[in-house]
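What follows is a group of structures, each given as structure tokens.
There are two complexes below, and they share chain A, which is joined by chain B in the first and by chain C in the second.
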Partner chain A sequence: MTDVLQVVVSTATVGSALALVALGFGVVFAATGVVNFAQGPLLVVAGYGAYALTRAGLPVVAAFPLVVVGTAAAGAVVELVALRPLRRGTMPADVGAVLTTFAAGLVAVDLVRLLVDASPHRLPPLVGSVAGWEAGRVAGVAVTPADVLVVVVTLAVVAGADVTQRRTAAGRALRAVAEDREAAALVGVNPRAVVTVAFAAAGALAALAAVLLAPRSFVRLENGLLLGLQGFVAAVLGGLGSARGALAGGYAVAAVSAVARTASPTGARYEYLLVFLLFLAVLAVRPTGLLGERGERLEKA
Partner chain B sequence: MGRAGRLRRWAPTAALVAFLLWFGPAQAGNRKWLDLGVEALVLAVAATGLNVLTGYTGLLSLGHAGFFVAGGYAGAVLGPYLLGEGSFLPDVVVRNGPWFGPVFAAAVAAALGVVLALACCHLRGFHLTVVTLAFGTLVPAVVVLASGPLGGLAGRALERVPDTRNAFLARSHILAGVYYTAAVVLLAALWASRNLARSRWGRALGAVRDSDVAARASGIDPYRHRVGAFAVSAAIVGVAGWVGALRTLTVSSGSALDVQTESFRYVVTVALGGAGTLAGPVVGAFALTFGLGLDVVQERFRDRLGLVFGAVALAVVAVAPSGLVGAFRRWVPASARPDAADVEAGEAGDAAPDPSVAPPADGTPVLRVRGLARSFGGVRALAGVDLEVAAGTVHAVVGPNGSGKSTFVDVVTGVVPATGGRVELCGRDITRLPAFRRTAAGMGRTFQSVRVWPRMTVLENVLAGAHVRGSAGLGRCLLGLGRAEERRLRARAAVLLARVGLEGRAADPAGALTLSEQRRLELARALAGEPVLLLLDEPAAGLDPAEVEALGGLIRSLAASGRAIVVVEHHVATVFSLAGTVTVLDGGATLVSGPPARVAADPRVRDVYLGPVP
Partner chain C sequence: MRPPPHPGWPGGEVSRRDLLRWAGRLGLGAAAAASAGAGLGACAYGDDEAPAAGASDELRIGVVAPFSGIGAFLGDIVDRSLDAAVRQVNGTGGVGGRKVALVKRDTGIDPSAGPRVYADLAGRGAAGVLWCGAAGFSQVLPQVRRDSMPLVAVFNDPYSGGQLHPDGDGAGRSVFQVLLPDRFAKEVLASYAASDRGYRTAAYLYDSLIDPGATARRRFERSFRAAGIEITGVESFSLLDSDFGPQLQRLRQGRPDVLYVDGVNTSTAGIVSQLADLGAAYVDTPSAREGPWRPHVFGSPAGAGDRSWVELAGGKARVGTATAWHVGGLVYLPSFAIAGWMRRHLRREPTGGEESAPDALAAVLAGIRKAGTTDHARVVAGMETAGPITFASLEFEFTADRHLSRTPDDVVVLVMERGADGPVPTEPPYALGREWADGEAFADVPAGPTHLVRPTLEANRRAHPAVMDQVLARSYGTRCTAACKVH
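So, the complex of A and B:
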């Protein structure tokens, strides 16, 4: 029973963070048709940014909004250095964008290493206690207000993104730019602004994921690669670009990891292997993801 | 080929060999520089391997350092294990065991490359790249899981090293031995890579890279060639890993981040030098190692190499997207390149068509289509089309927009599978055959929107079109064998280029041709497969009246030589003078079929084009 509950709590919390990362991949893909390989490194920027601010004496609640804004700006910078030059060049856009966003990510992680440091850190939770409740054990499993917070915030963000995507002018502008830049520009959408905003949103989402998950796990340089990959798997699983899909994919990936870790003491070693196998299976069966709808995009490539 | 052409072709190789022979002895006393030289050579080998995949085949891998690690372990661990007491291998192998390290390294890495390829070659673009990235991050995990033989993350020391001191380098220290080993390995990798690039396989890789659909239409199986490219690429990187192990005398994978950074270093090297060129990876490796002063960089930035390589990559994309070699090439006129000479040489040779292709006797049915149907979702694009084309005749398929003409070509050629009906070629049922096998069975086509392979030369386009008329396998291509076949194909390609009036453009990149020239190139490419059935999808679109006239003459002469020809056209007038039979499609079904005069007189035909006349 404890094991099952452990898996559920781990899935809900880590899965939520992965959903936010997946959503970051999705929003950029929806606007540009390329995958932002710097999404993972943005997690590192946010995590170490928050650590640096708290180390400087700022309470984490005050640091949080600064980190969100800062990482959003970092996302916009990624677009500036990685995507803009491609538009002038002769390189095929999808391969070129993998190269440049990946390069931007490597630079970002090493800048963090240079400016902050390289060791893992724990961040204090955003919410220490709610009405006197600090942390508890439910049937032997530790649950804290921070765990509840990451789940609630993620659900709210995904719901917001889903509505934005389907119902609002901003969502339509995003889809229009992805379909056809020139046509979108003709009907009065500024494609450049839309793409920049998408990258900034991806940065903000990375900041939410990094800071909200931090009390449960360490902020580490490796997170850029490992959480980034898992977030991408989650995004593909749910269908790149779909907000609800990101949530489903995040929970699915986190559940596989959690089961592996709980089932065997050495399970952590197999965790990534299992996630990877799940990824391959999905790509073999349905490259557009379980909830994906943008199949025709992939065919064109 | 003239003496000047040969000189030009061998000049870069001679320069490289001269440099390597100078650098080794000159720096023999300078450990630091010699070590840096070895570093550059090993990187050049690895980048040459990646270039086969990324440059020639257009697939970006971010996990190739995994093959480097695998090659190192294969040489260090598998070698001694296989060569130990009671080895089943021949005595001569056991005695000279360490020198067979590259063989083990290449074999293990190639096998791993095939495994990775099977996991990702059905994917494209970033999906494929993410799988390679994940593969790279799994390498340290696997090393930890197999801690016993592999020594865990601490790595494993090399037990038996080729004893270069006993050989011709008696007075030199061991690093010099590693230097010359690396130099020889690099030359071998370049030799194989050059052979591949200029071979039947290499052209197929370029075709798959530039347009998958056109590759299939030329009889090339994209999946098989991607897997082959992965295997070759991995094998070369694996051998680089073996040399790297000789240098450090240990093998280890490092962390997932290390594997990632190292993989990216290969990508940056290829991009910096120029992807898809032979010299690119070598130029990139030396530029990155010596240009950056990598020893200084490594000293000062040690674990911040991602910053350096990332910045270099961004700068390359922004400033010189085709790399150093690409930038240099812009200053060298195309006519000075070797391919132009090859065509002249080819023309003197045997120009007879492939004897293995006997055209069927005039009047025998070549294509027979019965009840052909295709639905997209609920839309019936083709709703039961019947058609028969005999050898030596021209059959026109016309119809208004949306009548199903393009779907008809796609289903007959197998690009889109049929949902009903039957397609027969020379009496053989090919309804379930994949597109690339239909080409081998005698089908050729052109595209409505031209799909030449823009980054390949005009000559290479035609040669790749003759893919099904060649037989050289991957091994022969790597070893540069099969010259006779190559000469035969080149001679035939020269004839075909002359036939469509492109004889002077052989060495130009196909992307530089005008639309009309590209249409003619597509025709020559389709003819290179020596098809008995030729499908031309709107061949006159975008041509001026004189060009349409010339095209008509060409089509007539092709039919006269015994081929069956299907011309799909939107403009009725163009084909009525040409075709023996005209079939009019409307709403995915046959409206009328018969001789042009009868079809032209049919009131229903006028109705579908102009609307019903009251």
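So, the complex of A and C:
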């Protein structure tokens, strides 16, 4: 029972953060058809931004909205410097964007290293205790307010993103731009603004993930690579561009990792191998991902 | 009716083949970009690179350290300590009238960058190399052996792997080591656990990414079994893991007296935090062994020897976490030069570990002085015959039969004495070390390692009587003499 519950808790907490990262990949992909490899580094920008503000004396609760806005702006800058110039050239954007967004991410992490530092740091949790409760145990498994918060926020954000994508004018505009930019423009949608907003939203999601997961993973430069890669795998596994798919992918990746470590003392050595095997297996059977829409067109930006 | 063809996707639909091809292209592109990024990252950190001209008027010493990435805290220590040491050396005449110039290189987390970086340093005429915990050490040894390059392992440990001369030939004759071997640390901690604390069981939690061959794990098992301690569980985690719940659940079943955490500072902090969340908070008293599970946490020097893990764990760091270091690492002692150099040249206080890289530098420079040349083989011979060296901290010596600067008698056990919230009440009560008193070195430091000298005192006194007399006379560490038992 304890083992099962531990897997559930580990999956829920880590998987929720991965789902937020995956959603960030998905939002950009839904609008542009490209994969934004700066998504992982945006986590680093957000984390160190939050650390810098708290180091300057701002409570983390006050720093949080500033970090969200700041990282959203950083996301928009990534679009401006890494994607927009490609549309003026002849290189297909989906290929070029791999390199340019990756390069933008490298630059972002280096700027963080130069402007803040390269050391890992602790960030106070957004919610340290609730009515005096700091950590509880359910059948011997530890659950903290920070764990509960990351799960609740993720479910709310994914639900909101799903509703927005499917049932609002903004969601229709996003899909229209991805389907056919010119046609979308003809019906009054501003493609450039939609794409910029998508990148900004991805930045905001990265900030959310970074701050919510910080109590477990701290703020460190390596989070960009690890969480970014895992988030990308989760996004593709679940279905790029799908909010529900991001959630499913995040939980799938976290579950495999948790089961591997629970099943065997040496499970940590194989957890990432198992994740990638699952990734390949799912794509071989269902190329659009677990919850990706069949026949979805992938529009080049 | 089929949808009209899309310019990018013939047929208008995404076929499985298309998606896999696209994903493959992305993967290859990402891999290529990652390699390019790693390659760029492994290039010059080198803002201290010496000018190309005038090779004869300076001595170039290569420094390879993790200046970026997860080991960057080591790179920071190396950077500032060598900065102070080189200013000191050059300010007092250099070596035979020649200034010392450091050529710094970073391998990040990429082991394959090691040979490339080494080749660069050798091509630039480095007279010696200090390898300070950077990735790629094993990969570079064949080249070092070929060139007989004088190389000092500052934060790498060929000795524990049986590679250091004369115990093994894996590293070659030109490699020396100043790092306290992990083997010594584990043996002393095992002895401390069994003899001083009376513990009977232990569990081990280690980083399988840092130790893929489980050699440190085997060392732990040998040392603790030799001390008569039963091993109740061994678990692994990966360097960048943030969830240790499954491993801790399994280890808890054995109720070990000791939990040895072998990882870096972030892993140690994460494990300690999640241990506290499980209600397994521990204090360093015999009474702490009552209750469901309160293991005494032992950390590796890399993970628990630096204050950073305490800052990361915050209020969940607990008094009593033990690790091992060496007498020369008590850098705040007034008789150790490094603290004064850092204050004079950098206006900074040492925090720990700053003695190692400068002492390694001193060994290479002593070899050059003795040899009267920068010829590699002769410098190596010079290092073996230079005699006792006193530079940044403790006196040490290399010989033809000893390429390791530390001995088991140098090992001290460090115990974190005060938590983030102040001293933990223990029964019987004990006094904090003097360095936390008002006006003393650590007065404003919320927590950090100090040394519990009693268990290793006799051996330390045997090896370094003058230094240990100073430690005890000034009550650094516990207010304790050979006669008292702290806990």
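Keep this in mind: the second predicted complex is superposed on the first by the 293 of 301 C-alpha atoms of A that agree within 3 Å, B and C clash if a C-alpha of one lies under 4 Å from a C-alpha of the other, contacts with A are read in each partner's own complex, and residues count from 1 in each chain.
The criterion applied here is as follows: contacts are C-beta pairs under 8 Å (C-beta built on N, C-alpha and C of every residue); 3 or more make two chains touch, one makes a residue touch a chain.
Because the structure is a prediction, the values reported are computed rather than measured.
Once the two complexes are laid over each other on the shared chain, residue contacts for A:V236 go to chain B and to chain C alike. Of the two partner chains placed by superposition, A:L42 touches none, neither chain B nor chain C. When the two structures are aligned on the shared chain, A:L283 is found in touch with chain B and with chain C.
In the superposed pair of complexes, A:L106 makes contact with chain B and with chain C alike. Partner contacting the larger number of chain A residues, of chain B and chain C: C.
In the superposition on chain A, contact is made by A:L114 with chain B only, not with chain C. Of the two partner chains, chain C is the only one that A:V9 touches; chain B does not reach it.
Looking at the shared chain after the overlay, A:L273 reaches chain B, while chain C stays out of its contact range.
In the superposed model, A:F218 makes contact with chain C only, not with chain B.
When the two complexes are overlaid on their common chain A, residue A:V95 makes contact with chain B and with chain C alike.
Residue overlap on chain A between its contacts with chain B in one complex and with chain C in the other: 35, 37, 92, 94-95, 98-99, 102-103, 106, 113, 118, 221-222, 226, 236, 269, 272, 283-284, 287, 298.
Chain A meets chain B in the complex at residues 34-35, 37, 81-82, 85-86, 89-92, 94-100, 102-107, 109-111, 113-114, 118, 221-222, 225-226, 229, 232, 236, 269, 272-273, 276, 279-280, 283-284, 287, 298, 301. Within the complex formed with chain A, the chain C residues making contact are 3, 6-9, 12-16, 19-20, 22-23, 25-26, 29-30, 33-34, 37, 40, 67-70, 72-73, 75-76, 208, 212, 233-238, 240-243, 245-247, 249-250, 252, 265-266, 269-270, 273-274, 276-279, 308, 311-314. Residues 58, 60, 62, 119-120, 122-127, 129-131, 133-134, 137-138, 141, 144-145, 255-257, 260-261, 264, 267-268, 271, 301, 303-307, 309-311, 313-314, 317-318, 321-322 of chain B are the ones touching chain A in the complex. The residues of chain A lying in touch with chain C in their complex are 2-3, 6-7, 9-10, 13-14, 35, 37, 92, 94-95, 98-99, 102-103, 106, 113, 118-122, 124, 135, 137, 140-142, 144, 213, 215-218, 220-223, 226, 236, 257-258, 261-262, 265-269, 271-272, 283-284, 287-288, 295-300.
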